[in-house]
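After this come two complexes, each holding chain A, first together with chain B and then together with chain C.
Up next is the complex of A and B:
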């Protein structure tokens, strides 16, 4: 029983940064913008988040700074890809390269420094319940925030007028524009939201997951978040499922190795990616409920051209 | 007009020759790094050695480094870039740079190359590496002494000979203390991913391991062990900062003496292609202070270190018994031959796991 609980806790921690970053990218892509710079925004968020927490001693300020840094990074993207209508794919890739370099520069001063990691909740009585207590009432705030975030995004996208308009921009920016909606402004806000989420996801790593800063510590999680959005076929519910599935497969394959299950570790390390590919193939074959990519995703929009 | 043009051309020629002359005075030394210099592990140690070079030779040399260079086609371009920039001695510091280095070396016979941890050489390309398995043997002794559960946790990067020989050396040493010792092995399939390294450490501890050993590059595993009140060993660098009560010792890559010697050879004009595989005796690596252990354990470790340095103790002393219970053919007389260790692709008896790809 204890082991099961330990595995669930590891899965929660491993999935959380993926879920936060992917939630942000989901909103960005639903507005019709493909921002491939998630990894870059994450890694800058990690550097600034750690720096903030290290200088002030506050995890909260660190998280906030991570979000601000991610947002600023996304504004560079918005300026290029939306303002100047530069190719989104190229701009996103450039953003990642810029972010990796920038994070090394920002973080150079506090490599090897230590902080007290984010506190885990403790509610006497509730947290002590065996098996579910630690999971439901004993994790750090990021874990619960990530779930609140995705529920909020679901509610926003499907239950509010603003969400409807945002989705309209992603599906047909010309019509949305003709109806009088400020497509570029809406998209800029969506990109900024995505940046803030990526920054927060990055900050989660040095603030809670492995409480120290090292350049390159996101190790490709931004790319996994991007894949998760496609995996989820741009739907919040499936995104939660995908993020936890990915986290679970990652952690379980480590445990399987420890138990000596005779499957090559290279294969097991590839499992999460393999699962993504299989689900993508199944989705693309499904007639209904399949891929629901925003129709205008990645296309440049210049008003009144 | 023509006069002024001529004067300009002459001036340019002069300027050119001056800069060429000053460049000729200085030996340009280039470095290619796999990770960021701030990784606190592998790349950081090479960077420390570069800084030691600068300190040693000052104005006589000029050093350049390129960090975060991925292994593969990009590496070739990066190495060639260093050549074009006038570097005469180039250190390529990761196994995966082997083929790219060789390719560039063949193209530029007048430039000297030093490749870390590879096995391909040429007239102008040397290789150098350390006998880390010696350090792993000492760690195995300490681990078996310190473990209460009798289960060690080992985080591997990739199942390559360098890592496999480390696991085997650890196990052979541990068995001399506790014949029933168990080791749980998790392959991270990455050299550097702090999150995944932390997860692997958590999994090992959750499954009962109480001493964590790693052959990946970040201090994440040390930090998890520290959090859970277990023991761990650092990797490449001093990592005691991340586990003041956790780190037992660490293998420290001390490249500086070798780098200083090679630059000296280059300056003297005596550089030639070599295959250097140094151990504790030649100070290619060192052991961090033995901490967080009782005095008797410390003594065992120090005695083993002295014996290995003096050549009296060899971790792979024959007979070495493989996993299938059969003796490994002993090609080196009293010990396994260097080639057998450098190409090790089997587990020794007592490791209850399957080597990936076997």
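Up next is the complex of A and C:
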């Protein structure tokens, strides 16, 4: 039983950064913008988040700083892709290349330092319930926040007028513009939300997942988050499912090594990446005919006046 | 006050030519600010980055050596990007090429194999790189899976596979437990051009690739097809050009070139297979491709320029203790400016002031 509990706990921890980053990107893409710079924003968020927590001793300030860093990075993207109508794919790649460099530069002074990671919740009585106690009532705050975030995003997209307008921008920016909605402003806000989420997701890694910072610690999670959005067919509900599935694959790989499965560790480590490829193929295949992607995704919009 | 883009009636060719130069200029200004923030003398730092490597023959050779993989990979990527196929997994194709070619070197180690070894390594590496690139291409064409994500995921897979080989079956038993193969035999090594120098045959191969690409794009129907499919997909359909076939073709060619670059790097400057054989060549090549305006000659110049920044970055680290990551920041900023300046080719920037009456009404 304790092993099952430990596995579920570690799956939740591994899934949370994916879920947060993917939620942000879901909103961005729903507004019609494809920001491939998630990995770059995450990795800068990780460096700034750790730096903030190490300097102030506060996980909260670290998380906040990670979000601010991600948002600032996303503003560069917005300026380029929305302000200057530059190709979104190329801009996103540039953001990742810049982010990797910046993260190394910012984090150079923090390598080798340790912090006390985010506390896990403890409610006497509830957390002590065998099996489900720790799982339901004993996580770190990020886990609960990520679930609140995705529920909030679902409610926003499908139950509010603003969410409807945002989706309209993603499906047909010309019509949204003709109706008088400020497409570029809405998209900029969506990109900033995505940046804040990516920054927070990055900060989660050194603040809660491991208590230290190493360069390149996001290890492609930003890209997996992008794949998750496709996996989820741009729907919040499926995003939760996908994120936990991928968290499970990641953890499976760690535990398989512990159980002495006779497969080299590198093959197990490659599993999440291979799973991403397979999932993308299966889903794209299932979807051929009617794509569920926002119709205007990745297209340039220059309002004429 | 608001910045507004206005579509130009036609492309501005003047700006198309000078835009990379504007981008480099803006990058240098930004770097100056960054150096000031880091507390380094910007003049000394810029000198270390851009001038010092050009002043001695060792560094000049080193620039050519670094530019070789960058140019080869970027030429392949430019074909993809021209055809609107987004191969961003060149890093993985580079590593797989290095692994496949090394297989022959490892198997023939110490067997007095003949002069066929190196040519066989080059061919196998190119084939492996092409096959590895075909995975995302086929997933895209057959199933519609995003080639951006799949090609990138395969980078991590290739990296882990290489890691497994040099830590496991291919590890040099006399290597003091370092994750590396034994040094390649002389027949499995890319020959040097200058005795005792660093410049090797791979640089000549890179120049041939540039020439071949220039001819392909400028003089052949296939090159014309690639450019039309990328620039005007609708027109290409009317012309009967098969976009899917071109995705497969450009991915295969770019994978082959990346794979070739991989084995040339391993059998040349490195001399054995080990993790970390690429300081991100596959990703830097993306910048080279764009900075070179997706044009073979432009890519050659851009490749040399980015190689200069690698060498300059190393010298700045040694001489001024400037962290190596500054080079990556530099490259990222450069790509941003290149893309932003490209926007000037198609659009004109205009500052629009809000209607005065509205402003008064609001106040």
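The rule is short, and it goes like this: the second predicted complex is superposed on the first by the 266 of 305 C-alpha atoms of A that agree within 3 Å, B and C clash if a C-alpha of one lies under 4 Å from a C-alpha of the other, contacts with A are read in each partner's own complex, and residues count from 1 in each chain.
Simple rule for what comes next: a residue touches a chain if its C-beta (ideal position, glycine included) is under 8 Å from a C-beta of that chain, and two chains touch if they have at least 3 such contacts.
Computed from a predicted structure; not experimentally measured.
Undergrad: Regarding the shared-chain residue A:8, is it in contact with chain B (first), chain C (second), both, or neither?
TA: neither
Undergrad: Does chain B (first) or chain C (second) touch A:273, or do both, or does neither?
TA: Only chain C is touched by A:273; chain B is not.
Undergrad: Would you sort A:241 into first (chain B), second (chain C), both or neither based on which partner it touches?
TA: neither
Undergrad: On the A-aligned overlay, A:75 touches which partner chain: chain B = first, chain C = second, or both, or neither?
TA: A:75: touches no partner chain.
Undergrad: Between chain B (first) and chain C (second), which, if any, makes contact with A:189: first, second, both or neither?
TA: neither
Undergrad: Just to be sure I read the superposition right, which of the two partners does A:93 touch: chain B = first, chain C = second, or both, or neither?
TA: A:93 contacts chain C only, not chain B.
Undergrad: More residues of chain A are touched by which chain, chain B or chain C?
TA: It is C that touches the greater number of chain A residues.
Undergrad: Given the touch rule stated above, what does A:129 touch, chain B (first), chain C (second), both, or neither?
TA: neither
Undergrad: Counting only touches as set out at the top, which of chain B and chain C does A:297 meet: first, second, both, neither?
TA: Neither chain B nor chain C is touched by A:297.
Undergrad: Pick one for A:83: touches chain B only (first), chain C only (second), both, or neither.
TA: A:83 sits against chain C, while chain B stays out of touch.
Undergrad: Of all the chain A residues, which ones make contact with chain B and with chain C?
TA: The answer is residues 100, 104, 108, 215, 219-220, 264, 266, 269 of chain A.
Undergrad: Which residues, counting only chain C, touch chain A once they are in their complex?
TA: Residue list for chain C touching chain A: 3-5, 7, 86, 88, 135, 139, 142-146, 148-150, 152-154, 156-157, 160-161, 163-164, 167-168, 283, 286-287, 290, 323-333, 335-336, 339-340, 342-343, 346-347.
Undergrad: Spell out the part of chain B that touches chain A in their complex, as residue ranges.
TA: 35-36, 38-40, 68, 153, 159, 184-190, 192-200, 202-204, 206-207, 218-220, 223, 241-242, 352-354, 356-357
Undergrad: So in the complex, the part of chain A that touches chain C is made up of which residues?
TA: Result: residues 36, 76, 80, 83-87, 89-91, 93-95, 97-105, 108, 215, 219-220, 223-224, 226-227, 230, 264, 266-267, 269-270, 273-274, 276-277, 280-285, 287-288, 291, 302, 304-305 of chain A touch chain C.
Undergrad: How about chain A: which of its residues touch chain B in the complex?
TA: It is residues 3, 6-7, 10, 14, 17, 100, 104, 107-108, 111-112, 114, 205, 209-212, 214-217, 219-221, 250-251, 254-255, 257-260, 262, 264-266, 269 of chain A that touch chain B.
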